[in-house]
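Read from first to last, the chains carry the letters A, B and C; within each, the first residue is number 1.
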Amino acid sequence: MRQAAGPRPWTFYVFASFFALFVLFLYGPMTVIYILSFQGPTGGLTFPMTGFSFRWFHALVTAERVGDIGGSFQRSIVLAVIVAVLTVVLSVAAGLAFRRRFPGSGVVFYLAIASLIMPGLFVGLGIAVGFQLLGLDIDWYTSALGAQLTWTLPYGLLIMFAVLGRFNRAYEEAATDLGATPWERMREVVLPILLPGIIGVALFGFTLSYDEFPRTVLTVGTRNTLPLEIWAMTTNVTSPALFAVGTVTTIVSFIAIGAALISIAVIQRRRTRGSGNSV
Amino acid sequence: MKALPWLASWFQVAPVALLLMLFFGLPMLVVLAVSFFDYGQGRLYPTFILDNYFEIFASSVTVRLYLNSLKFALIVWAVTLLIGFNIAYFLVFHVRTLLWQIGLFLLCTVPFWTSNIIRMISWIPFLGRNGIFNQTFMGLGVVSQPMEFLLFSDFAVVVAYVHLFTLFMVVPIFNSMARIDRSLIEAAYDAGAGPWRIFTEIILPLSKTGIALGSIFVITLVMGDFFVVKVMSGGQSASVASALSTEISQIQYPPAAANAIILVAVVTLMVSGILRLVDLRKELTV
Amino acid sequence: MLSGSGNGEIRMVGVTKRFGDLAAVSDLSLTIPDKAYCCLLGPSGCGKTTILRMIAGHEEPTTGEIRIGGEPVVGLTPVQRGTAMMFQSYALFPHRSVLDNVAFSLKLRGASKADRHRQARELLAKVRMERFADRLPAQLSGGQQQRVALARALITNPRVLLLDEPLSALDEYLRLRMRGELRRVQKELGITFIHVTHTQLEAIAVADLVVVMAQGRIEQAASAREIFTTPRNAYVARFMGGQNVLSGTVESVADGQAIVVDEHGGSFSIAVNGEKPVQGSRLVGSIRRDRIAVSKAQGCAGASDKLNSLLGEVHAIEYQGSYVKVTIERPTGEGFVANVLDVDFFRDPLDIGDSVLARWSAHDVLTLEGAAYAGEASMDEAGGVLI
């Protein structure tokens, strides 16, 4: 259990190999998909590769029997951005609220946890039936948006809890001492310091919405998001076009993740660059 | 306003509270209400009957479905716990620099942020009759015939679940372990405790919360899943949730709602059993 | 808005602060003169930080009045009061450079960039940190951060500067250096400083006015010299560490002196000018540790039969450089400490376990108020009683 520098115990190698296997387990299948999406024009859903081509990516764009990829992709992105923005604004506000004890804080907390744990299918069912009983149409930017928020807001809240827990309130007092109004305090001190956490919330909001399936499937109405199109493709499409979609959507995810992580890293490095000279 | 500082909190938390109530709280009440409705010919008749529940309890299919779901839940829980615990342990106690810790942690986490469905179907080329496993094993001469059980079977379902949900075990356990004060371990070592004692007396008890949280996540995810089990078992296996989704697609809302309520009740029971071990609010809040 | 040229006198009258059922400060009254360096001194939980924060405006008293420069300030923001605070953790904004940290309050008032940066640089030069203007706080050491925090507080031109344990985060060497700095800056600026600390020697080194506190009340507020040489009661005597507390019951009174016998059978005399304490009543006094002569004694420990002396066994010996701290054990267990000059000690060194006789002269014994232990001490505003 000693952490001091020195030769590593044999258990380290056991664990390390286990970890390596796990990473392989996680990334292996996805990598196969990426490779197979470049399947030759005559190839099938599995190996061997009959060639290397962009044919299946081409198929997505020309929408030959693969469904409404372009439209659903667009809707997914827009929805994800809306969800990300709303999640950030609402989670930050709610997180700040929880710094004090207020009547009803327990109710809101457990409501959020319950919303997190509840299988998406039921939430979707309730919203869909509810809308129907009220005579409203379900659509991707109304009922699906609300459904997705029940999934992202609890995550956002939990992240804010973690970030605010480490936040030193002396910064706020110092700001007050120097003459800041509550709004100036928020703008000049609290939010900038919390920025890495807020970026994390935005990342969760975006990716959770972009990939969301169970809540969305019942509440989206006639115009699908991308995960729903993919779901339909699993039953309809028997060509590597399915894999091509997988590759494209994963690239989008990676871009979002990369942007968030890089900006967080940049901010952190600027603020905690090594110690200066002595005295 | 000074007399009521928490009024400001109310304003700040109101949007979230409102949204959660509108899109989560109310819908759940709707589901509850609908479970008592009558239905027919694609229409709902708001009333109060217990027929939906009777039919569920009277059916032997229900028991089979629950047993199947519970079977999956248990197996997946055990496997993810084993894997997740070891991964977290490795990251916290064997990785030395913070940079590596964060890097490897991110490595495990990034797949979580990509599409579940894609990750699920990415197993098909692996496990199929002409898939990679079979081709490799046949090529190595280990088996002479393709192994059918790999895909469209319970095995495939479990593999997919483990692939998708292990992360939910890793993160809470990692969190709990990272919070363990290292000086506790050093003090035990000082007092003569061997690695095994340190593990059972210090690390395991202090990871309890993480294990509980991870278990709650994994169990509710498996019990509530309807698409992994459908696809990966090729329609052969069913879970409560997948039967539910079939009823929904057939617009049989009241029985689906009743099923949902019962499933929620069962899962809630399981979760509260786990919660007896840990005070969630204290662990998670500021 | 009130500027630093205003009067920095602070008056607190009948101030109480409750947190729920707990009273952190009870019915406290204190006057701090303008331009004074005042130290609030006491152990954790005595209320000193609460008072500081109430003067600053970060807490409001439950009851009572606070005036700065003659004007009531309860309900005003820190800036409106003309106060500025230096936080124990410095609380420098991690996302801003040193220069922007110092210029922060000017930015809030709408000063132009050129203007506020110029003023900030001037102030940084005063605390000798102008070289670090573009660094981030994380790149500075503790001592450097403290100077920046000082500059940031001073740029608002306060008439009172409040320092919350400013030196406790520094190592010993820096602490000694920085306290001289703080004193110098205060004299230069000519404003009131209120400095909270739990270190006795630090307080008497820097302060014009030392306020010794315990459990939400003031035990004594006086100059450093007064606090050390003539503590008002047993609590202050013990807390400051320069005295030994003697207590006992009165046996007889003659010639303005009361003969007091303590529970070990030893006796000491206390001046009682004009008063006539009843026989059997309790009196408390103290004798300075460096006014005691210690010599080896023959025979066993027991009560010394001479007045103003004590027989005992050496319990501990601590070398402190210019003097040696000798702790003599009394039968009741409370140690009796003599600070012996090093030349005197090493002429005939003592060992642990040696029997010794400690003697002091009657006119060095101070009268202390009230009973032997804090909590029983009476509370009024009069200063210590002098011999």
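Side notes on the structure shown:
Convention: a contact is a pair of C-beta atoms (placed from the backbone, for glycine too) under 8 Å apart; a residue touches a chain by one contact, two chains touch by 3 or more.
Here the structure is a predicted model, which is why all the values come from computation and not from measurement.
Ranked by number of C-beta pairs in contact, the top chain pair is A-B.
Of all chains, B has its CA centroid at the greatest distance from the CA centroid of subunit C. Chain geometry summary: the mean Cα position of subunit A and that of subunit B are 17 Å apart. Chain geometry summary: the mean Cα position of subunit B and that of subunit C are 59 Å apart. Each chain gets a centre from the mean of its Cα atoms; for subunit A and subunit C, those two points are 56 Å apart.
Residues of subunit B in contact with at least two other chains: none.
Interface residues of subunit A, counted against subunit B in their complex, comprise 1-3, 5, 8, 11-12, 15-16, 18-19, 22-23, 25-30, 32-33, 36, 45-47, 89-91, 93-94, 96-106, 108-115, 117-123, 125-127, 129-130, 132-133, 146-147, 149-150, 153, 157-158, 161, 164-165, 203, 207, 210-211, 213-214, 218, 227, 230-231, 234, 242, 245-246, 249-250, 253-254, 256-257, 261. Remark: subunit C residues 56, 58, 77-79, 83-85, 87-89, 91-95, 104-105, 107-109, 132, 135-136, 138-141, 143-144, 152-153, 156, 174 touch subunit A in the complex. Taken in their complex, subunit B has these residues touching subunit A: 5-6, 8-13, 15-17, 19-31, 34, 44, 46, 83, 86-87, 89-91, 93-94, 96, 104, 106-108, 110-111, 113-119, 121-126, 128, 130-132, 135, 163, 166, 182, 185, 189, 195, 198, 216-217, 220-221, 223-227, 231, 241, 244-245, 248, 253, 256-257, 260, 263-264, 271, 280-281, 284-286. Only residues 168, 170-171, 173-180, 184, 188-189, 192-193, 195, 270-279 of subunit A touch subunit C when the two sit together in their complex.
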